[in-house]
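Chain naming follows the written order as A, B, C and D, and within any one chain the residues start at number 1.
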Amino acid sequence: MNETVVTFFSGSHPYQVVTELLTRYLGFNATGLLTVVTFFVACFVIVNVMALVGGLGTYAERKISADMQMRQGPNRVGPFGILQFLADGVKMIMKEDIVPKDSDKMIFFIAPILCMAGVFATLAVLPFSSGFTLTHLNIGVFYLLGVSSVVGVGIFLGGYSSNSKWSMIGGMRGASQIISYEVPVTLSIIAMVLLGGGLNFKDIVGAQGGLPHQWFIFHNPFTVISFIVFFIGALAETNRAPFDLPEAESELVSGYHTEFTGMRFAFFALAEYVEVFVLCGVAVALYLGGYQVPFELSDTFLLHNKIGLPLGPARILGQLLEVGGFVSKTCALYYVVIWIRWTLPRLRVDQLMTLCWKYLTPIALINLVGVAFWVYYFDGESMWNLIFKSGAAAAGGH
Amino acid sequence: MFDNFLFISSAALTVCGALAVVLSPNLMHACTYLLTSLIGVSGLYVTLSADFLAATQLVVYVGGVVILMLFAIMLTGGNDNKSVNKFGIEKIAPMGNIKTFTLAGLSALLMALVISKIIVNVTKAVPKGELPPFSSTVEKIGELLITDHVLAFEISSVLLLGALIGAALIARPRKIES
Amino acid sequence: MEYTLGSILPILLGPFLAFVVNIFIVKKWTKLGVFLSCFGMFVSLFYSFRIFKDFVFGKYSTGYYVHKVFPWFDLKAAGVSNFAVDMGIYLDNMSAVMLFMVAGCAFLIHIFSTYYMAGDARYGRFFVYLSLFTTGMLGLVLSDNLLSVFIFWELMGFCSYSLIGFYYEKEGAGNASMKAFMTTRIGDVFFLVGILAIWTTVGSVRFVDIYAAIADGSFNGLYAVGLPLATFAALSVFMGTIGKSAQFPLQVWLPDAMWGPTPCSALIHAATMVAAGVYLSLRMYPLMELGGITTFIAYIGAITAFGAATIALVQTDIKAVLAYSTISQLGYMVLGIGVGAYNAAFMHLITHAVFKACLFLAAGSVIHSLHDHHTHGHVQEMPRMGGLRKKMPLTFIAMLCCTFAIAGFPLFSGFVSKDRILGDALVMATQSKAYWIPAFLGFTAALLTAFYMFRMMFLTFFGEPRDKDLYDHTHVEKLSWNRNLPLLILTVFTLGGWYSGHFFGGWVKIPGVEHKEWFATLIEKPRVENFKAYKSLPFGSVDTGADRVFEESQFNPDKYFTEKEAHHVHLVHAIGAWASIAIALAGWFIAFMMYSRGAWNPGRWVNAFSGWYRALQNKYYFDDLYVKGILQKGLLPFNNLLSRFDMGVFDRYAVDGWEAVNRFFYRIAKWVDDVIVDSVGVDGTGASVRFFNVILRTFQNGKIQFYFIIFLVVMVGYIWKLV
Amino acid sequence: MITLSSYLAISFLLFVCGIAVMIARKNIIAILLGVELILNSCAINFVAYTRFVNNNLDGHIMSLFIIIIAAAEAAVGLAIVIRFFQIRESIHIDDATQLLQ
C-alpha cells in the first residue's frame, strides 16, 4: 500500500526481466525474494552512505570550526585532510573496549545499539527523492517521531549503565531534554502536516515546489515561526550546542558517553551526527521544499519527451537531480547547525527548560492554531498566491 | 511469508520480553525488557494493519512511559549505599522471592485456567476466509475520533490535562519546615 | 403633618441611641458622649415640638389622635387563641403636650447638668442614666397600652434607683436608693395585678380597648376579691400611682431620693417620673370613675398635700423643702383627679413640672456655688445661707418667679392650675359633704405652701449672711449659657398666660394677640363612647388624618352643665380664686413677718407646739412605723416562722425522706447498670466488635497485592460461573 | 497460519505475565510494569478482534484510549511513587499499608 524503493524499481524494464529470469531459473515466483534482496541492498547502501555522511560530519565540523577560529583544522590525511575521519574510525576500532567494573554490563552493551538503531530506523522514511526512498510510509512523520525517541532511551541507559556521576547526570539531562523538546517539535510538525494534508512525507513534499516561494517555510507568517521553533527544538533534541548540556565538557567531562570507548563511543558519535543530518533532512522536507527541483527539471516526462532522453536514464537522472536538491539543502542546514555550535554559548539547565516550556511550547501551540486558521480561512493558499491574486484583481484581472 | 516472519519475530519479542520482565531480578533490566516487549507489541500492531496504533505505541511508550519509568527507578533507587531507610525498611524493594513467585504462579495458573476456558470457544470458531488487504487507517481513525468518539476524545484530553497537572503537583518537592 | 415612623420614632430613638453609643464611648471620650446625649435630647425636642405644634396650633381638635399598632407577639400559632399583644404609639392632645414638656425639661436639665456635674468623677455615667431615663419617660408617654407603660415605668424605676444611689460611696445614698426602689415596687405589684385584672376582662390592655370596654359595660357585674372588678382594677392601678407619685402612705421614699444629684432630682423626682403616676391615673380616669373611687382619690390627694406641706414647714435643708413641696403638689394633682378636675390636674402637672424643675435647678445652682472649705462638700442647709441675692441675682430672679408660681400668686402658672383644682374641689364640696374635708385641707395646704416657700426664699436670699465665711467665698454669679439659660427659659414659662391663653386674666387685652384657652379646650376627659369606633393604623403606615374629619374645637367650659349649674360653678370658682389670692398673700405675710422682719419669733411657735414639731421633724413617724412596726414586728417574725417551717419540717421530712427513697432506687439502678448494662451490653458489644475486627483486620491489611489476589479469585469465580 | 487465536495466545501470555509481575514483585515500580503489560495485552485483543472479526476500527479507537490512559496512569503513578519515596525513603509495596504517613 505504500510506495517503496521496490515500487520504483519494479516499474523499470530491467527489474522485470531479472524477475522473470530468476523465476524461471529458481522454479518459484521470485518476486518476494527479489523484493527482499532489493530492500537489503537499498538499506545497505543507505546505511553505509549515512555512516559516511556521519564521518564526513565530524570532518566538516572540525574543518568549519577551524575556519571560524582562524585555524587550519585537519589537513594531513588525504587532500585537505578529508580522510581524517577514516583514520579516526580505524583508531576507534583498534582501541581497547573498556567496560567499567561496576557497570551494568547488559545495558552498557545495549545502550549504544539503541541509540544507533533509533537513528538509523528513521532513515527508512527520510525522503531523499521521490523514488530513492526506502518507503513513503503513510504515517511517515509519526513513525519518525516514534523511532527517534528510542535515541532518548539509549542516551539515558548509557548514562545509567556507566555507573559514573558524570554519565548519570548527562544521561538524565539528555533524556529530560529530549522528551521536553519533543513537545514543541511535534507541535511544529503537526502544523506542517496540516498544510501538507497527510503524515506521508511524499504528500508534504509534494505540496511544495522547487522555488523558495513555494516552500512551506514562506507559505504564511506562521510557518516561519514554526520553522524557527522546529529548528531550535531539533538542535536541542540532537544535543547540539547551544543545548549540548548532556555532554557539556566543561561540567560533565563528556556527559553520558564518558565511560564509553572504542566502537561503543563511535556508535554514540555516529548516531549524533547522523541524527543531525536526519533532522536537517526532515526540516528540509517539511519546510524547504524537500527534494523538489526548481522548474520541475526532475520530471520524467519533461526529460523523456522534451529533452529526448530514453525512459530509463530519464527516470534515474530525475531521481538523482532530486537527491542532489535534497542533499544540498540539507548540507546547507547542516552548515548552519555547525555554525551555531561554534558561535553561541551554552545555556544553563533551568534556562533550557524555561525556554522549552515557557516560550517554545506556548508559541508552537498558538502557531498551530494560527496555521489551522490560515488553512481554514484562506483555503490553504500561500500568502504569495494571495498577494498575486489581489494584485491581479487590482489590475483588473479575475 | 514476510507477514509470518514479522508476526513470529514480533510475537517472540513480545512474549520473551514479558517473560523476562517477570523473571528478571534487576528492575532496570526488567524495564529494558519491557521496552522490547512494547516494541514487539508495536510490531504486532503492524501485522494487524494498525499502522497508526503502532506508531502511537512507539511514541507514547518508548518515548514517554519507559523513559518515565527509568527516571522513577533512578530517582527512587538512589546512589548511596545505605540499603535501609530511616524507618528501618529496605530502600530498594526486593524483586520478589520464592514465596511471592509461588503465589504469583498459582494466581497466574488460576487466571490461565479461566481464560483458556474462554479462549477455547474462540479457537473452535470457524475462521473467516479472506482477510481485508492492508490499508491506511489514519484517516478513518481521525474521522472516528471527531465523529463517533468525539466525547471520549474530549474527555481523554481532559484526563491527560488532569494527569499532567496532578503529576506535577504531586511530585513537586515541598519545602520541609525546619 | 404626616405621621410616619420617621416623624415619631426619633423622639424615642434620639436619647436611646445616645444611650447605646454612650455606654461604649463615654468613659474614653466623655465630652463627645455628653454632647451626644444633649444632641439626642435636642433631636427628641425638635420632633416633639413638631407634634406639639401640629396638635395644638394645627389640628386644634379634642378628638384628634394618631394610633399606630404592630403585633408584638401572637401565640395563635402555639395554640393559644386569645394571647396576642400589640404594641403601638398613641398620640392625642395630652400626649403631645406631655411630650413637649418632657422633652423640653429634659433638654434644659441636660444642659444644666453639663454645668452642675462637670468635674464629677462619674460625669459621663450620669448622662448615660439621663439618656436612658428620658427614653423611658418618652416611651411611656408614647405608649398605647398598659403593658408597655409598665415596661417603661420599670425602666424609669431602675434609672431612679441608679441616680439616687449615684454617689454610692455615701451610705445614705445607697440606702435611699434601696428604699426608693423597694417602696415603689409595692405600688408596682398592685399595678401589675391591675393590668392582669383588666387583661382578663377586656383581653387587651390598650387604652382605647379599655375605654371601649367601659363604654360597652364589660366591667359591669364582675367581681374580684369581693370588690366589683372595675373598683378592684382602678384601685390596683391607683396603687401604682401612689407608689410612683409618692402619695400617702407610700410617700416616704421621695425625701430620701434627694440624695441623688440635683439635676436628677429636678428631672426625675420633680418634673417627669413622679408625674408619670398622675399621668397614668389621668389616662385611666374613666376606670377610676367607673370604679367609684374618686372620693378615695380625693382624700388621698388632700391628705398628701396637707401632710407634706406641714412637714415642709420645719425642714432646714433646701432640697428637702422642695421634696416635700413636690409631694404636696402631687397631692394637689391627685386631689384634682379625685374632684374631677381632669383638665386642671393635667395643667397642674405641666405647670408644676416647669416651675418645680426650675426650683430644683435654682437650688442646684445655689448649692453648687456654696462650697464648704472645711468639709469639702456642698452646703444645702438654709440656716447657713442668707443674703445670697446679691451674689446670684439671676438665680434669685428665677427662684422668686417660681415661688410666686407655686404659691399661687396671680399672673403665674400656679395660680392658673392649682386654683382651678381648688375651685373644682370647692364646687364638689358644695355638692357633696364628703368633699368638704379635701377642699378644706387643700386650701390649708395652699396657705402652708405659700408660707414655707417664702420662708425658704427669705432664709436663702434675704437678710444678712449667717455664715460669713461661706458667703465670702461664694463667687458672684455671671451669666453662663449652661447655668442660667435653662433657669431663665423655665422662668419664662412660669407665667400663667402660656397656659391660660391670657396673661392678665382676660382684663387686659394685648392687641394683635388672639387669646385662646387652648389648654382647657384641648384637654378633656376621654369620652368613652367615642372609642367604640376608633381607628388604628399599621405601624409603618402614614397617617395624615385626611381620612378623618375633625372639627376645630371651641372653648365652652359650660357645655356639660345646665345654665343654673354653670352659674353656680362660676360663682364658686370666683370665690375660690379670691380665696386663693388671699391665702397666698397671707402665707407670704406670715413668712415675711417671721423671717424677714423678725417680728414674730418662730421659736415661740416651736415651743408652743413642741409635740407637733417633733412629729413633723420625724415626718409623722412614718419611717419608724414602717421599719419598726411593719418590718420588725410583722414581717420578721413571720419570716422566721416560715424559715423554721422550711428547715424543720420541709427539709427534714420531705427533702431528706425523698433523698432516702432516691438512694434506695439508686442502689438498684447501679446494680442493674454495672452488671447488666456495662458487663453484658457494653463490654459484650466491645468484645464482639473486637472478635470480628480480628477477622476483618486480616483481610484489610493494606497490602495491595493481597487485595489483588482476592480480587482475582473472586473474578475467577464469577467468570467460571458465567462462562 | 496467523489467526485470531495466535494473537489471543500472545495477549493471554502477556496478561498472565502482567499478573505474575503484579503479584510477585515487592517493588512499586515493578508493579507498574506489570500494569503496563496487562494494558498492552488488552489493547492487542481489541486490535486483533478488529482485524479478524469486524472491520469498523472501533477496536483501534479503544486501544488508542488504552494507550492514553496508560500514559496518564504512568505519569500520575510514578509521581505518587516519587512523592512516596520522598516521604518514606522506600518503594517497598508493603511499606504503603497505612493511610497516614
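The rule is simple: contacts are C-beta pairs under 8 Å (C-beta built on N, C-alpha and C of every residue); 3 or more make two chains touch, one makes a residue touch a chain.
Source: prediction; values computed, not measured.
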Chain whose average C-alpha position is farthest from chain B's own: C
Intercentroid distance (Cα basis), chain B paired with chain A, Å: 29
Whole-Å separation of chain centres (CA-atom averages), chain A against chain D: 34
Intercentroid distance (Cα basis), chain D paired with chain B, Å: 5
Rounded Å distance between chain A and chain C, as computed from the means of their C-alpha atoms: 107
Contacts with two or more other chains, residues of chain C listed in rising order: 705, 709, 712
Chain D, residues touching no fewer than two other chains: 19, 22-23, 93
Junction residues of chain B - those touching two or more other chains: 52, 56-57, 64, 71, 100, 103, 107, 111
Inter-chain touch pairs (all): A-B, B-C, B-D, C-D
Partner chain B, residues of chain C touching it in the complex: 705, 709, 712-713, 716, 719-720, 723
Chain C residues within the chain D interface of the complex: 701-705, 708-709, 712
Touch list for chain A against partner chain B, complex: 1, 32, 36, 104, 106-107, 110, 137-139, 142-143, 145-147, 149-150, 152-153, 156-157, 160, 165, 168, 172, 175-176, 179, 182, 199
Of all residues in chain D, those that touch chain B in their complex: 2-10, 12-30, 32-34, 36-37, 40, 43-44, 47-48, 50-53, 55, 57-58, 60-61, 63-65, 67-76, 78-83, 85-86, 88-93, 95
Chain A contact footprint on chain B (complex, rising order): 1-2, 26, 28-29, 32, 35, 51-52, 55-59, 62-64, 66-67, 70-71, 74, 79, 133-136, 138
